[in-house]
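When the chains are written out, they are named A, B, C and D in that same order, and each has its own residue count from 1.
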Amino acid sequence: MTTTDTHEHHGHAHGSDEPHIPTDRYFINVALVLALVTALETSTYWWPDGMQTVATVALIIMMTIKFFMIILVFMHLKFDNRLFSLLFYMGLFLAILVYCITLASFRFFF
Amino acid sequence: MALTSPAPSRSLGAFRRPVEATGWKSWVFTVDHKRIGIMYGAVALFFFLVGGTEALLIRLQLAAPDNTVLGAGLYNEMFTMHATTMVFLFVMPLAAAFANYLLPLQIGARDVAFPRLNALSFWIFLFGGIFINTSWFLGGAADGGWFMYSPNSSGLFSPSHGVDFWVLGLQIVGIASLLSSINLIVTVLNMRAPGMKLMRMPVFTWMVLVVQFLLLFALPVITVALFLLSFQRNFGASFFDVDKGADPLLWQHLFWIFGHPEVYIIILPSFGIISEVLPTFSRKPLFGYKFVVFSGATIGFVGWGVWAHHMFASGMGPVSVAAFSVATMLIAIPTGVKICNWTLTMWGGKLWFTSAMLFAIGMIVLFTIGGLSGVTHAVATADTQQTDTYHIVAHFHYVIVGGAVMGLFAGFYYWWPKIFGKALNERLGKWNFWLMFIGINFTFGPMHVLGMQGQPRRMVVWPDKLTGEGYFDLAFWNEVATWGAFTIATGVSVFLWNVWYTHRKAEVAPLDPWDARTLEWMTASPPKAHNFDAIPNVHALDELFHRKYEEVDTDKGVRLKKTSTAEEVLAAEEARGDAHIHLPSPSYWPIVLAFGLPIIAYGIIFNLIMAFVGAAIVLLGAFGWVLEPSVAEPGDYESPSDDHHMKELDPVG
Amino acid sequence: MLVKPSRRAAAALAGLGLLLVGCAKDAPQDTFRPAGENARDIDGLQRPLFYVAGVVGLIVFAFIGYAMWKFRDRGQEIPEQSHGNPKLEIVLTVLPAVILAAFAVPAVSQVFALDKSDNECVINVTGQQWWWEYDYEKGSTCGGVEIPESIVTAGELVIPADTPVLLRITSRDVIHSFWIPRLNGKRDAVPGRLHTLRMHADEPGIYVGQCTEFCGLSHARMRQAAVALDTADFQAWVDNQLAPYQAPAEGTLAAEGESEYAAQCSRCHQVNGLTDDSGNPVLAEPDQSVLAGAAPNLTNLMTRTAFAGWTFDLISDECRDRLWNEPSETFGDVYLQGVWMYTPADATTPACFNELNLREWLRNPPAMKPMYTDPDKLEATDGLTRGMPNLNLTDEQIEVLVAYLLERK
Amino acid sequence: MADTAVHAGHESGHHVTTTGLSNNKLAMWLFLGSECLLFGGLISTYMLYRGRTGDGPGPNQLFDIPLTSISSFVLLMSSLTMVLAVNSAKRKDDANTKLWLVATALLGSLFVGAQVYEFTAFYQEGIGFTTSLFSSSFFTLTGFHGVHVSIGVLMLLALAAMITRNRVAGDKAEAVELVGLYWHFVDVVWVVIFTLVYLIPA
């Protein structure tokens, strides 16, 4: 949590630590990629039955990509102060941890 | 948000903003963290008496075999509500009281980050607590035990409205805790005085911070569980309906994913309190500050991976059991670190056995007993003998009453002069301590024996034919436990008497009665509305101590000498104070918004129309809230820059 | 009165003294007195655990006590403001870790050891509000004894001694937990799930227990016992359970009781072999009346020593005490006589029969054991009871029913 | 939550915080971290129960993937309009801010509308909230998400109205950003739901 330790009062905090915000163009490009990935995701619905496992793995990967693209870009986590990431990832990590263990104890995964 | 924003002063036209600085309105509409803290404390103490009275009734029923004080149904309601009241309406809010009052002071802030939100949390908690307890008069309280295992909690098996009250009430109280956790985390991260680095924060602040994170992440889990249960009870869903294929273990997991972090939510504030009290009365810094802070955070984290130790007999399978067993043992390590550090803080010190110090030491002793029995549960196969017996009841009352409650009482004695300007009577304090300390051992000590001799918990009656003789005379030990409980009650009564006595009789306490070390003692007692005339600049851990003491060379070597008093430190601070300080203004909206919630809940139970009325009130509150600027217009309210209104203020009132 | 201090306390103190010379009587559910393999294994781990915990505690208290005495304020200087000693901290972190690791290894291996579930003697155990039903599976072999037909009993679990038995536990309504402290730890009975628990008793005898998962109103009155018998006695017990129905002799009270029973009780309770006037078997349909869908099988009621969730004694207090203290060699003989135990051969009435309890039960069961049977309050269950309702029986009806039940031995 | 304690001596309109970060934004991120555990619990409940359909239809018979794909796409695009609103607000371009806010709200409403349509369609196929464990947990999960979206729509519209009437208390750009964070989070949750609930076969 080193970021929070450097906290001597800067004159006008807002101006100085305002994160770098990309242009509209950049966001539109990102949205196009997201749309593309969504299209790919949807296409798995028509993939042949034999490819179920592949589809599942692919879907999880695509989901993760979309998830982090939105979090990092649209929600500015990539550009913003690391403290925000820390707070959010704590929740995300705990959620994945406890719920996966719970599902595992119900023999959900195997 | 900013002050300069264009916002009309009377946002809803009809209402004037509350401006009173004295009288009941100054309490009901306050957004001052100190007043909110005091109100939290008063309400929590009230619920302690409620929960304690329930405990005494439980003990009366169990005093003799085949006793008939309470019927089976009433008994089940009694222990369910005893636990619910004690955990959610006493210990948690009392910790919130200390946190609210002290946290801004300890980090050198004027208030919490979101003062109105703070008021909202308090009112939601109060209304939620009252709501749960009205179930006693509206068809019976919840009777499923405090972990409310499904399917026994479903409408089929518990058809009275008790469980509905419990579910909705906890949901309401949970909102309060969630909001205040966000509020306090932001406060600690963002409102610190210049120089107050994280590793200069008092340990109490640290532990409260860890607790808020636990709340932040644990509450949504029980929220899910409660929603599932209320959808089942009120809207016909079947999440725990085995006939439809549900697995009752789902509830257990959800409950304990919340429930285990919850027990650390209960204990960590007390860890923080005694980490303040011990150094002060040992005249030494806390031994291994970093280790204590770090182990507190570790406990908070590891606490997320052990929940299923409450389910060793549930049949979840040997792999899960073994894994959780080992994880649970791990948690004894960081806790052990703390015990050692506290002991070593005393080591080499100059110990001053005030009531606060006695409570702190008593806390270590009793908590260690409870913690060690906790470790004996962690060995899963052994736990299959212990679980759901009085051995467990012994464990958790030692850690909760012996640990958390004793710690909170240490806090009372330590901070009372700060909060009310008068110190609690020390003689009464010692009576208070010894009665509670002895009472706790006599109440919960025998329960270790009772459990291992086979007395299960949650039993309205215990048959005579199952008591042995001599050492194994369970009837005898049960009777001892009952006498012990009344000894605790006597101790608590002494405390209440002490509060009254102090309020009426005691003289104003000196500014720094304990020769304390942290920032909250660097301001007036009770502090002014704006806490500090000038926000202090912090240079070290234990800032105040460093301002009071200096190392001087004497003929015997380097010695610590008191070079200035707290009064002098304070005078110097006040001299550089700001002339004009704006504080956030009181507001109607928190209490309005909070009031809507129990109405919604009553509506869900009795009449949906009422629920809509409640929702309308909540919306109204939210609407007024958003449009209201945090500081009143000059015409509405002049923030006091001096403390004239604090003098008229009745601190206990 | 709530608290009866003096006499009991005095007795207890006296007992405490006796304990020192080794004569205290154990509580029947004492977990420190394992009577079978599984419980003994647990005990073997649990005892050292308690000792070590105790020693750690004593060390901590000794340190605190010493510090309190040594460093009390005697006017000494303000001590040096030392902030700690990382090396010492690390030692004090590693030490508990080592102790814990020493327990973690046997703890984990014991979890798996106790979980083995291969067994030829399988008994299905079903919990419900507020009693246990046992179903001995047809075709299984228990300690060399064949179970040719399924046997259904309630409350008292009879097993062969010195033989591993596997319980398959489930529930018909809410969660319960099966626990016989002297034989093994607990295992929850969860509706919709099947859990196994191993039972093993070294010697013939009676081992009592209690449902330990809170299961509603009468959780406190949901008890159970395991009775271990040697092979011959177990064989005899099985034979008796499967013996053909013996109708009461014509003209006796019991015969009147039989028709009373058929009229009043058989809709919920089963007595195997009972037939109606036209010779058709009378089959209970408890699911029509009871929420859990079952009521205790009464075929051999008098072979049990307690009833209604094994809470109320069917035998008198003296007989119970004698039976519980019976040496293992003679235990089986006595036990197999049911309520006729300790009865002279020429007597016509059973000396040990606790008729009062049974009568009281038949007069008004919910008054004796809290249950949900009030018709006005059964909305949530569509009129199905949880427990046995008050049937408003007359004295005469009770008289004949008791006579009839007395022959179910 | 437009609310904060005021430090002395800084009446310039910007208060100073220890980390230099905005209280409101920290609070929002904390809240979102907490929401992870809320939705995690609901998703896990669904995962556990998705196969327990009783006599009713299961996910495979029920879901209309093309329709849901379109509504997922709509929600995804609303994230784009949202981010454009935030950028406009940063540029102090009120007109465009309002435009994009309303556009986002419209897309959000479209999504909610599609969900309502989907629910009615399911209902007509004989699957209600109480039909089976699958249906209860499905409706609870997607319903919770729908409620989140609806609250988001309300906030967007209220914000647009407040900007029009110039009644935003405090930093306008930040207010837009906060609503934006919430909105994106709700979108991200749907990304997960769309994959785990709809696309991966049960």
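Note that in this section contacts are C-beta pairs under 8 Å (C-beta built on N, C-alpha and C of every residue); 3 or more make two chains touch, one makes a residue touch a chain.
The structure presented is a predicted model; accordingly, all values stated were derived computationally and were not measured.
Once chain D is removed from consideration, the other chains connect through touching as one piece. The chain closest to the protein's centre is B, with centres computed as averages of CA atoms.
Averaging Cα coordinates per chain places chain C and chain D 53 Å apart. Here the CA centre of chain A is 35 Å from the CA centre of chain B.
Between chain A and chain D the centroid-to-centroid distance comes to 15 Å (mean Cα coordinates, whole Å).
None of the residues of chain C touches two or more other chains. The set of chain B residues that touch two or more partner chains comprises 189, 192, 216-217, 221, 245-247, 249-250, 254.
Multi-chain contact residues of chain A (touching two or more other chains): 4, 7, 9, 83, 90-91, 94, 98, 102, 106. Contact between chains, using the touch rule, shows up for A-B, A-D, B-C, B-D. The touching residues of chain A, when paired with chain D in their complex, are 3-4, 7, 9-14, 16-17, 21, 23-24, 27-28, 31, 34-35, 38, 41-42, 44-45, 52, 55-56, 59-60, 62-63, 66-67, 70-71, 74-75, 81, 83-84, 87-92, 94-96, 98-99, 102-103, 106, 108. Contacts from chain C toward chain B in the complex involve residues 1-5, 8-9, 11-12, 14-19, 23-32, 39, 41-42, 45-46, 49-50, 53-54, 56-57, 60-61, 63-64, 67-68, 71-73, 76-86, 88-89, 92-93, 96-97, 100, 103-104, 107-108, 110-112, 114-115, 169, 173-175, 177, 179, 181, 184-188, 190-193, 195, 208, 210-221, 291, 311, 313, 317, 320, 370, 377, 379-381, 386. Residues 1-7, 109-117, 178, 181-183, 185-186, 189-192, 196, 216-221, 223-225, 227-228, 231, 235-239, 241, 244-247, 250, 254, 530, 534-535, 578, 580-584, 626-631 of chain B touch chain D in their complex. The part of chain B that touches chain A in the complex is made up of residues 189, 192, 194-195, 197-199, 213, 216-217, 221, 247, 249-250, 253-254, 257, 304-305, 307-308, 316-317, 320. By the touch criterion stated above, chain B contacts chain C in their complex at residues 60, 63-64, 67, 69, 71-73, 76, 143-145, 149, 151-152, 155-159, 242, 245-249, 282-285, 287-291, 313-315, 318, 321-322, 325-326, 329-330, 332-333, 336-337, 339-341, 343-344, 346-353, 361, 364-365, 368-369, 372-373, 375-376, 378-389, 452-456, 458-463, 465-476, 479, 482-483, 545, 549, 559-560.
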